[in-house]
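Structure first, commentary second.
Going in written order, the chains are labelled A, B, C and D, and every chain counts its residues from 1.
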Amino acid sequence: MIKLIAVCAVSAFTGVMIQKSRAQDQELKIGVVAAESGSFVSAGNTIVAAARLASQQINDSGGINVGGKTYKIKLYIRDNRTDVNVTIAAARELVNDIGVTAIWGTETHDFSVSMAKITGSAKVLQFSGNSSLGAVLDDKSVAPGGWLHYTFQTEPQEWQRSGSTAEGVLTLLTPLLPHPPQHSVVFVGNDATGQYLSSHYVKALEARGQKVDLVKYPPDTTDFSPLLTRIKGLNPDIVHFWYNGDSTLTAFPQALKLDVAPSYFLFGVDPGIYQQRQLKSDKPVTLSCVPVCWGASPSPVVQEYFKKYFDLGASKGPQSSVSLLYYDYFFMYAKALEKVGSIDKPDQIVDALLSMSYQGVVSPVPLTFNVHHQVTFATQVSLVKPGTSDQFVSTIQQPPPSPPPGDPGG
Amino acid sequence: MEIFFQQLVNSLSVASVTILIGMGITLIFGLAGIVNFAHGEFLMVGGMATWFLVSAGINFFIAVLGAMILVGFLGFVAERGLFRFTLERPMNGFIMSIGLSVILQHVVIRLFNEVQKTIPDPIGQVWVVHGVDIIVMRAIVIAITAIVVAITYFCISRSRYGLALTASIADPDTAALMGIPVRRYVTGVFIYGSVLAGLGGALMIALFPITPFTGSVVIIRGFAVSLIGGLGNVGGAVVGGLLLGLVDGLSAGYGFPEWTDAYSLVLMIAILIVRPQGLLGGTLGPKAS
Amino acid sequence: MILAFLIAFPLLNLGYRFLSLAITTGVTAIALYGLGIQFGQAGIMSVGHAAFVGIGAYTAAIVAGMFGIGFWLAIPLSIVMSALCAGMVGLPSLRVGGQHYIIITFCFCALLQIILTNGGTFTGAATGLDVGSIDHLFGINFDQLRNIYYLVTLVLIICLVTTYLIINSPYGRTLRAIRENEMLARAIGINIGLHKIGVFMVSGAFAGMAGILQAYYLRHISPILYGPFPSLYLALMIMLGGSRLIYGPLIGAVIVSFLPEIMRLDPIDSRIAYGIGLLIVVLLLPGGVSAGLLDIYRRLRPRSLK
Amino acid sequence: MPALEVIGLQKEFGGVTALAGVDISIETGKIAGIVGPNGSGKTTLFNVVAGVYKPTGGRVLWHGKDITGKPTYEINRRGLARTFQQAMSFSGLSVRENVQISYEHGRSHSATSQRKINWSSPDEILSFVGLDRVANELAGSMPFGNLRLLGLALALSTNPSLLLLDEPAAGLSENESEVLTNLILRLAEMEIGVCLIDHDMFFMGALCERLIVLNFGTKIAEGPPSIVLNDPSVVEVYLGIEK
């Protein structure tokens, strides 16, 4: 037995040594933690696809020039199996065994937070697209020494997105309704993201003169009829199906049958999906995407991105556009490395990221991070022409300058 | 008032599916003492089979039959291949059924994927009766369930086989002495219960989408319904299903929506503690004394 | 030998990934030892065990957040809280038994998840709660993963020893008497009710310990970790590993939470494999994998035991 | 004062009367027998006395103290033990472990029980009933006769002053029956009271010092076997059943 242990130990040790010696020059190790299996797989796959596309483009265009050396990105993709324990094990492996300089991921707030506790103490940068991180990104946690000093939120602050979305929805729907909408019902899944997102959206609607009722449904609901009937009894002008997109795609057809409201807003439903599912309503319907739409985007840059993205074999699903929460930041990170001139000065890289701007795909104006490490960009809202499945009118709404009354920001 | 009636109609259609699964559980549990935790997965498989057949262009109502036959066969295989060996030790049967439920769930994920499945509405019409929107498909589901309940009830309380079955449920040993082939009845009832689950799944996917995880949500309601009504008591399962459906529908309509699932859970726990033998009484369940 | 391996494990230097997974496995095994006593000795199955792990974890997180009580002082609180709640959930078992009670445990577990999700800022709602790191003790820095591993291993060994002592004590025999025949147990003077609630509390205490370790290892907890699904898998692990023998829970935890990772099995395939494994265990190895291994061991070395 | 006194005990099950006001008193150190045809209420009487069922009416006194409706384990701890008709055991455990469990509980509650014997170990009990040679076997794998003895051993190891034996000889061979009879006689010598149920009049007549006859939940006769067995009402009941 002891012999066996000794043999194991020696072989494992030499294995690590070999890996270390091989992995020195001109290779920039970047980790990706995403669900390639389990229930978050559709979101997870988009993160991986975005990472592959971005790193391939960077490497094909000659890599990153840092301090006179040319670095090529080597991706270390780890499946978190939609399990927080595996997420942590993967993050530990990437940070401690492989020694990546940055990690992209992951799908949910919980996983990202647990991961940030590891990346933070190891001074590894983390890019996560969870707007609910706003709840923990504050002056203290992002300060040098804080546990989120190396974490960046690649989705806009929720009050910004809520504000621009509410503005877009009301602007598009008002002319189509017999009287200006006054009463909104927000219908949202009662999970972490749903609770966080809806709290901001309700404030944003109220700030625009709406009387708002918030109805939360249990996360795994499939029969929405009782709750929808209840909403119908509230006589709303607009029903806002907020997070998440999959449940919305189930609930919305049921709502149409029950004739719940004179107009609807579907959050996170891409016009491409609306068309794919052949949804159709005589009542006006508005849509928005996270973060921009792959179907019916007015921006040629975005159209070009999704062409490349789908050409790589990624699937056209409700979550496809999530990839844009991850793609641009590879280029932004590369630019920051070039500016610092070293790949292992994480504090300077954080400073560089905070002080720079980058013109990405996701936004028509350059991307910047604010002091709380959060990015800002505009929101696209589309209106479906009543009675059709494939005719959309889109508007791009810039975020409001400040949080509405009653909203603490974050 | 229209809203209230609409809630009643909603509740009834959901209660229908619960009753179908509860009836299967109550018969199987009552007769064979088998707690089949995979019964919910049988329903899910029925729904998935319907989805698969409908997606292949087959008419919905034929697909329903297909699903019933498939799940009935599944029940046959499960009873003959697995539960037959644990009739003496119900706890082992229960443990095995957990294993079976995990297998079925993940085999379905492996075959298709974990994304929820929907079929286009077999009948998309909506009747408006005095301001109440009645989705025709829901009305059909209620009607089919009512017919199935009536047939089951008639067979059990009137026919010769039904009486023999009732005797077997009440006292399997004596029934066996009287020459009733109890073992064959166990198989028969297992298949019938599975067919009901298959029908439940097929009707469910006609109303709303199902996922590979639907089974484990449904099974708890099914158990609760059969325990609330009293094991082995078909009428009890109907009453239990209506009660639970009503609580669900009305709590969604008038309670705090985010607590919707909690009301029925509390009701189940309360009834199980206060009346372990069920509201209408059935064969006594395993008592802790 | 197994203990020696547990201690030597980090020295193999298999990397942080394995060390992390070993910690997860250890924490799971600690919770399983509670269920092992409850099911293996007293014969009461539960498919709601994760709820008590959750109560331990949330107790630790809440006292840390509200009163600034750190890991070490929170340990007794978590254990006591979980034990009390387990005792309370055990009360219906005095009235209803067998499968009825199993359904009740499942309902309780689902209910707890809903309560945690709707608990507002007190439970951090669906987002859950953040947890700090373990305070230094005797100069040991628990930010190092290896030290967390040793801590978990130490607790695991304590649980193993406790379980061993319980199994071989009059108390353990009393529990087995209840498992085998309640009526007879009563007739020879055993207070069944007291011992049933007692064993729920013991089981809950193990779960509570696992909970606080998990909270401080993950450093962020949320309701989905403690719902019916994790509970079902705990039940599956104990049945796979075998609940009556001392190494059963550990083997169950290793099979389910460690093997698929190191073998890089797809989680869906590995779950199908557990299901099939469970059927095989019930039909062919009623004592679980641990009893099967013991059987093989006995056959290979017949002399050593005579 | 009699050890056990049953006064006007009644028990109904959903309208069916199992016991209709039975009065019985039993002393320690004597062998008493309760006889009666099937369904006469014998086992129900035991179950009510031992606390398995709560009586519908009447009282059970133990050394003058009211123990009516107390939990079974509590009654056992006061020194009143019983065996079961079905020869129950902890079937998944070894014979020694069976007795050990019972022994440990008997010891720990010695303060409240009126103990007559002090077993020094489970093995002493096993050799007393003659199961020492099969001590390591699984209880569930033993033949019926041994299970009966194990049932007796389990009851004995709780240090009772009165034993209620529910049909101890049922299903036993003649040989086994004799072993059992000797054991019961030895118990009486050790000042342990024994009260048996059986419907075998001849077995009971030979063993018991006093017989109590039940029919349809009421006591129809009581006294020494020689008198009771010749009582016309008893003869009528028994002839009616046996023939």
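Keep in mind that, in the parts below, a contact is a pair of C-beta atoms (placed from the backbone, for glycine too) under 8 Å apart; a residue touches a chain by one contact, two chains touch by 3 or more.
These numbers were taken from a predicted model, which means no experiment stands behind them.
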**OP:** Please identify each chain that touches chain A as well as chain B.
**Re:** C
Original post:
Nearest chain to the global Cα centroid?
Top reply: C
**OP:** If you tally C-beta pairs in contact for every chain pair, which pair wins? Let me know.
**Re:** B-C
**OP:** Give, as an integer number of Å, the spacing between the C-alpha centres of chain C and chain B.
**Re:** 32
**OP:** Could you tell me the distance, in whole angstrom, between the mean C-alpha positions of chain B and chain D?
**Re:** 48
Subject >> Computed distance of Cα centres, chain C from chain A, in Å >> reply: 35
Original post:
In whole angstrom, what separates the CA-based centres of chain C and chain D?
Top reply: 43
**OP:** Could you check chain A for residues that touch two or more other chains and list them?
**Re:** 38, 190, 218
Subject >> chain C residues counted as touching two or more neighbouring chains >> reply: 114, 117-118, 183, 268
Subject >> Touching pairs among all chains present in the structure >> reply: A-B, A-C, B-C, C-D
Original post:
Hey, which residues of chain D end up touching chain C in the complex?
Top reply: 50, 52, 71-74, 76-77, 81-84, 88-93, 97, 100-102, 104-106, 108-109, 154-155, 157-158
Original post:
In their complex, what parts of chain C are in touch with chain A?
Top reply: 1, 4-5, 8, 11-21, 24, 114, 117-118, 125-128, 130, 133, 143, 145, 217-220, 222, 224-225, 257, 261, 266-268
Subject >> Interface residues, chain A side, partner chain C - complex >> reply: 1, 5, 8-9, 12-13, 16, 37-38, 81-86, 88-90, 92-93, 95-97, 109-110, 113-114, 117, 121, 132, 135-136, 190-196, 218
Original post:
chain A touches which residues of chain B in the complex?
Top reply: 3, 6-7, 10-11, 13-14, 113-116, 118, 124, 126, 133, 135, 207-211, 213-214, 217, 248-249, 252-254, 257-258, 260-261
Subject >> chain C residues within the chain B interface of the complex >> reply: 45, 47, 92-104, 106-108, 110-111, 114-115, 117-118, 182-183, 228-229, 232, 235-236, 239, 268-269, 271-272, 274-279, 282-283, 286
